[in-house]
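What follows is a group of structures, each given as structure tokens.
Look for subunit A in each of the two complexes below; its partner is subunit B in the first and subunit C in the second.
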Partner chain A sequence: MTLATALKTGDLTQLPSRRDEDWRWTDLRGLIRQVPPASPAFDDDVAAGPFDGLAADEILFVNGRQRHAAASGAGEVVALRFVSATEGTAHAAAYAIVVEPDTTLVLLESHEGQAGGYFSDVTLDIAVGEGARVERIVLVDDDAEAIDVVTAEVDLAPGATFNQTVLTAGARRQRIETRVNHPGAHANVRLDGVYALAAQRHADQTTIVTHGGVDGVTSQLTKGVVDDQARGVFQGRIVVQPGADQTDARMGHHALILSDKAEVDAKPELLIFADDVACAHGNTIGALDDEQIFYARQRGIPEAEARAMLTQAFLGEVVERIEHEGARAVATAWVAARLGRAE
Partner chain B sequence: MAAVKQTIETVAALEKYEHGFTSQIDQEFAPKGLSEDIVRFISAKKGEPQWMLDWRLDAYRRWLELEEPTWAKVSHPPIDYQDTYYYAAPKEKTGPKSLDEVDPEILAVYAKLGIPLKEQAVLAGVEGAPRYAVDAVFDSVSVVTTFKKELAAVGVIFCSMSEAIREHPELVRQYLGSVVPTSDNYFACLNSAVFSDGSFVYIPPGVRCPMELSTYFRINAKDSGQFERTLIIADKGAYCSYLEGCTAPMRDENQLHAAVVELVLLDDAEIKYSTVQNWYPGDPETGKGGIYNFVTKRADCRGDRSKVSWTQVETGSAITWKYPSCVLRGEGSSGEFYSIAVTNGHQQADTGTKMIHLGANTRSRIVAKGISAGKSSSTYRGLVSAHPKAKGARNFTQCDSLLIGKTCAAHTVPYIEARNGHSVFEHEATTTRLSDDQLFYCQQRGLSQEEAVALLVNGFVKDVLQQLPMEFAVEAQKLVAISLEGSVG
Partner chain C sequence: MTSMLSIQNLHATVADKPILKGVTLDVPAGQVHAIMGPNGAGKSTLSYVLSGRGGYEVTEGSATLNGEDLLALEPNERAAKGVFLSFQYPLEIPGVPALTFIRTALNAQRRARGEDEIAAPAFLKLAKEKAAALKIDFDMLKRGLNVGFSGGEKKRMEILQMAMLSPKFLILDETDSGLDIDALKIVSEGVNALRAPDRGMLVITHYQRLLDYIKPDRVHVLAAGRIVASGGPELAHQLEAEGYDKYTVAA
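== the complex of A and B ==
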């Protein structure tokens, strides 16, 4: 029941629909009337990616096809790019990453729409070895008419650290799903997200963290801003399996709705099967605080600018948690651009 | 502290489930199973008019087309809907009569349950003591409704549903099914087809109901299901407080209880609806038996500035599937939901609320406390949604779960759908266990382990208990303690 299966078989009944609990706010079956033709091979040059110049190695997929062989013994900073280059076509890609024990990896992942109305499905498998450290930064810049599903399955070994920040501006329909198998055992997970949506864009950030053993930490913070008729979706699920005691899991989702036609749907779930845990989630959805805007205007800042400033500061809290300095600068500029502010 | 002390004493004195007795009462049954003929039988038995029968038959036909929902986090063997009696009534009682005519055996049952059915018995208390009007429902029929005359003097109609269909058909036809439509969901649809009795309340404009109204449900007959239907209408500016309690005998078979409660609120009306649910939860060791409690409760705040408050203490039932909801249609209307769900043994509870903000400046508050012990599981499932027109809507939700023991589970599944830029929704949830430090502190001060648990748990649920009417609060506090008996160590 995935987009990839439907693309492969052409069978629309394979698409997840509103009736599937985990897809109730991201209906693909109701939207897609027919599967577009498969994307052709694309050999021309593609424009530089958003993280250009930050990574020593680059793994590039264009229209679902890997361009050059994976860099072996990749360095500490790797750019992983998925480019959609042909209008109105569909492609799927899958990639696996193994991070050796006690090593460090910064994964600068980008999904770049360089054409209109494509379908893209990307599946990633990331295995993080014992004591290894991974920071994954995912920047999704899709075309407004694109349909994009990105699914990552992350397996952590004891003592591993996995930090992730997803930044997206949405698409016609978009889902970015991260599933983490958390072994406990002093492994540490941070899953963050930012969405800044306008026009009729839709973005769904879904995370599932399954704590399977004692002594695990998970911290999640997702923030979003929706304007016009956009729709933001956040689904976070933390599962604590029997015996996964001493789990410390925290999840926060906060959203601003800037227009009366925009929508935010949230489902922060806790499924707890062990008793010695500390789990919490918080969720707030609202508008910008009128008093803050009044304060700014009183100080001579025009209303539009005050709004942009407050919105940027709101999202900034998540961006600041990015550890890699270069990536943080890219993310900050990207957020500013989305909100119509030059950095 | 007096209440706490009393709780502790009660815990020590009481058995695990004190209402588990059965009574030998001559009863009349409809044949087992469900078919159009059974629906006709129930309707004929109650001497209903043709429109009511048509309504039931329509519901039955729709029910046949529906599928049983499976999304709740509960598991149970498939229910055989043909293996249940849909109608069981004490013999020769067609409707509520005066107290003198009620079978003394039934009166004995209620006396044993501590429910005051004799008006003078209540009045004999201290002057100014709160009084309760009671509608007692025994299996499929209402056996007695008290204080009817006194209530009628101020224009309040309080009677059984069967009587309302006979005496006030215009009100029933106007409002029945207008909050929970026939085919709203599988169990509500089943209820619409076979509902037997329940309470009907109408509070006229501007009247503040002079006493607490209450219903007491008792399942007695073996293999029978109870399908009661309650309809409360608060006209403009009216107020009433309504209490609901329920118990059932201990049996190895599962029994089905599928009720529908509809509340209608016009301008400036207010209803406070409190439930203490204590159906038989099944055998704590084996999980055998117990009631399946699949209930649809919904309040429709049609009028501006109307206010509804649901308070529930859920300690019983093998399986609870219940989401008292508020449809906040009227401008400035507000909804509240206060809940304590305690599960122990093999109980499963999937409960919560829906706050549907349709009107401008509507407000809602949710405070849900779940306590799981033993091998049980408790889920909070709630929806808060704001329509594009619900500008200025506000919601605050707080869900806290407390886990006692290694084998229980607690889940929180909130859904939030915000569809306009002028609402504020806040939600917070925590899951923790009973703190060892606190337990140790209490035990150090001379409390036994169970006393300490009762004390801490009472503190945990205090926010909700405070919302209950006084007498209920004391009973609820005892119930919470009893339900958790033997859950530590």
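== the complex of A and C ==
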């Protein structure tokens, strides 16, 4: 049951629906009345991506078709771009990345809506070798009418490090899912997320981390703000398999609701089948603090600016965990722009 | 002498409960006036009504700064006109470094007054100078505003903001609370450095101790929502010796 299958077969019954427990807040079956035509090849130039200038190598997909391969294939910083360039059409793409043992990769991934109302499905397989280190930064900048599903399956070898930050402004319906097969064995995972949603946008960040062996670490922090009639979804599942002792897993999800009609649905889940583990989760949903807003206003900051400043600071805690300096600056400016602030 | 801050017959309620019941007070430019009074007299309410915090309703009377109606303005507009309230309990703002917060405030005030924003180098130079005078480690200004600061550090940060924003009229709400004697001296010196012929101050305090360091020109006693006595600095000493009993009974 995936969007990609439905796009390929034209069979709407293949779409995930609210009857699927893991999709109950991101119903595609109930939304999509018909599968749009397949996206045409698009050979014109596309606008520069958000990480332009930061990566030596670029892998570019336009309308689901790969355009360039990485120039050398061996760069430490690689831009991976998925551009949707045609209005109202559908495409799917799949890509696999193998990170050799003891190497480093910074993956600057962007999903760019350069047209309106498209359907996009992207599937990634990322295999991280022993002792290798990956930082994946995913910036999802979809059109308001787009339907977008991004699924990554991450396999870690012992001693690997995988750090991820997903930043999204949502779409008509959008799901960004990350599944991590965690071997324990001193592998280290950081899975972070930011969502900043307005109007009628929807974003779903779903993660599933399965700890299969002893001595694994996972740290998760997702923060979001929803305004107007937007809807944010966070589903975080950490599974600790029998025998995966000494697992240390922490998950936090915190959201601000800025409007009466906005909604956040959160489901943190810890499924623990091992002994002697340290697992914790925290989930809060609230509003901005009126006392802080008055304090800022008393110092001369107008209310709208005070709200944006406090909101940006709230999300900033996640953005600051991005290690790659250039990407962190891009993410900071992107969040500021979503909140109507110039950096 | 014309008054800078002029409060006439001010009545205010909180959740329909009358707290201020006809406060009349004039503070001329260049002077420091102290407001003393027992707990629950309305001291903090007065500071919040003047600065425009939500939840306080003015039912009668007026408050003007240099002839301009303060009560009609938004809190940030009052700040741009020069009203600064030093909070009894300064807020912590995680994720917003003190430097960013102050620069944002300063530039917002300047924009509201139709002035140019301050350039980054000039701002940093000013911040370094003022922080050194208040014995604030400059690195503290790069951390989230007031986050994890002690009571004394928070009060010093209030004075730093005051010095950077250079307001026309200062309201100090229980600035001495939570300060040890060394911090009290540093904070008082910071406030005294801001005394100027074109600046007025209202110092709200429960105890006379602060007034040994910030010497007032006039002392007023606020009890049960009204000014019940006014006098020179000697009035503060008298209150320290005799307590507020006679005013609370009279009120």
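Criterion: the second predicted complex is superposed on the first by the 338 of 343 C-alpha atoms of A that agree within 3 Å, B and C clash if a C-alpha of one lies under 4 Å from a C-alpha of the other, contacts with A are read in each partner's own complex, and residues count from 1 in each chain.
Rule of thumb we're sticking to: a contact is a pair of C-beta atoms (placed from the backbone, for glycine too) under 8 Å apart; a residue touches a chain by one contact, two chains touch by 3 or more.
Not measured: the values here are computed from a predicted model.
Engineer: Among the partners subunit B and subunit C, which is in contact with a greater number of residues of subunit A?
Structural biologist: Between subunit B and subunit C, B touches the greater number of residues in subunit A.
Engineer: Let me test your reading of the model: by the given contact rule, A:43 touches which partner, first (subunit B), second (subunit C), both or neither?
Structural biologist: neither
Engineer: I'd like to know which partner A:317 touches here: subunit B for first, subunit C for second, both or neither.
Structural biologist: second
Engineer: So in the superposed three-chain picture, is A:325 touching just subunit B, just subunit C, both, or none of them (first/second/both/neither)?
Structural biologist: neither
Engineer: State whether A:286 touches subunit B only (first), subunit C only (second), both chains, or neither.
Structural biologist: The answer is first: A:286 touches subunit B but not subunit C.
Engineer: Just to be sure I read the superposition right, which of the two partners does A:305 touch: subunit B = first, subunit C = second, or both, or neither?
Structural biologist: second
Engineer: What is the contact status of A:297 with respect to subunit B (first) and subunit C (second): first, second, both, or neither?
Structural biologist: second
Engineer: Do any residues of subunit A touch both subunit B and subunit C, and if so, which are they?
Structural biologist: none
Engineer: Can you check the complex and tell me which residues of subunit A touch subunit B?
Structural biologist: 21, 242-243, 255, 257-287
Engineer: What part of subunit C is in contact with subunit A in the complex they form?
Structural biologist: Contact set of subunit C toward subunit A: 51-54, 74-76, 78-80, 84-85, 87, 90-91, 93-96, 101-102, 104-106, 108-109, 112, 144, 161, 165.
Engineer: Taking the touch rule as given, give the residues of subunit B at its contact with subunit A in the complex, in rising order.
Structural biologist: Touch list, subunit B to subunit A: 71, 388, 391, 401, 403-433.
Engineer: Quick check on the complex: what are the subunit A residues that touch subunit C?
Structural biologist: My answer: residues 289-292, 294-303, 305-306, 309-310, 312-314, 316-317.
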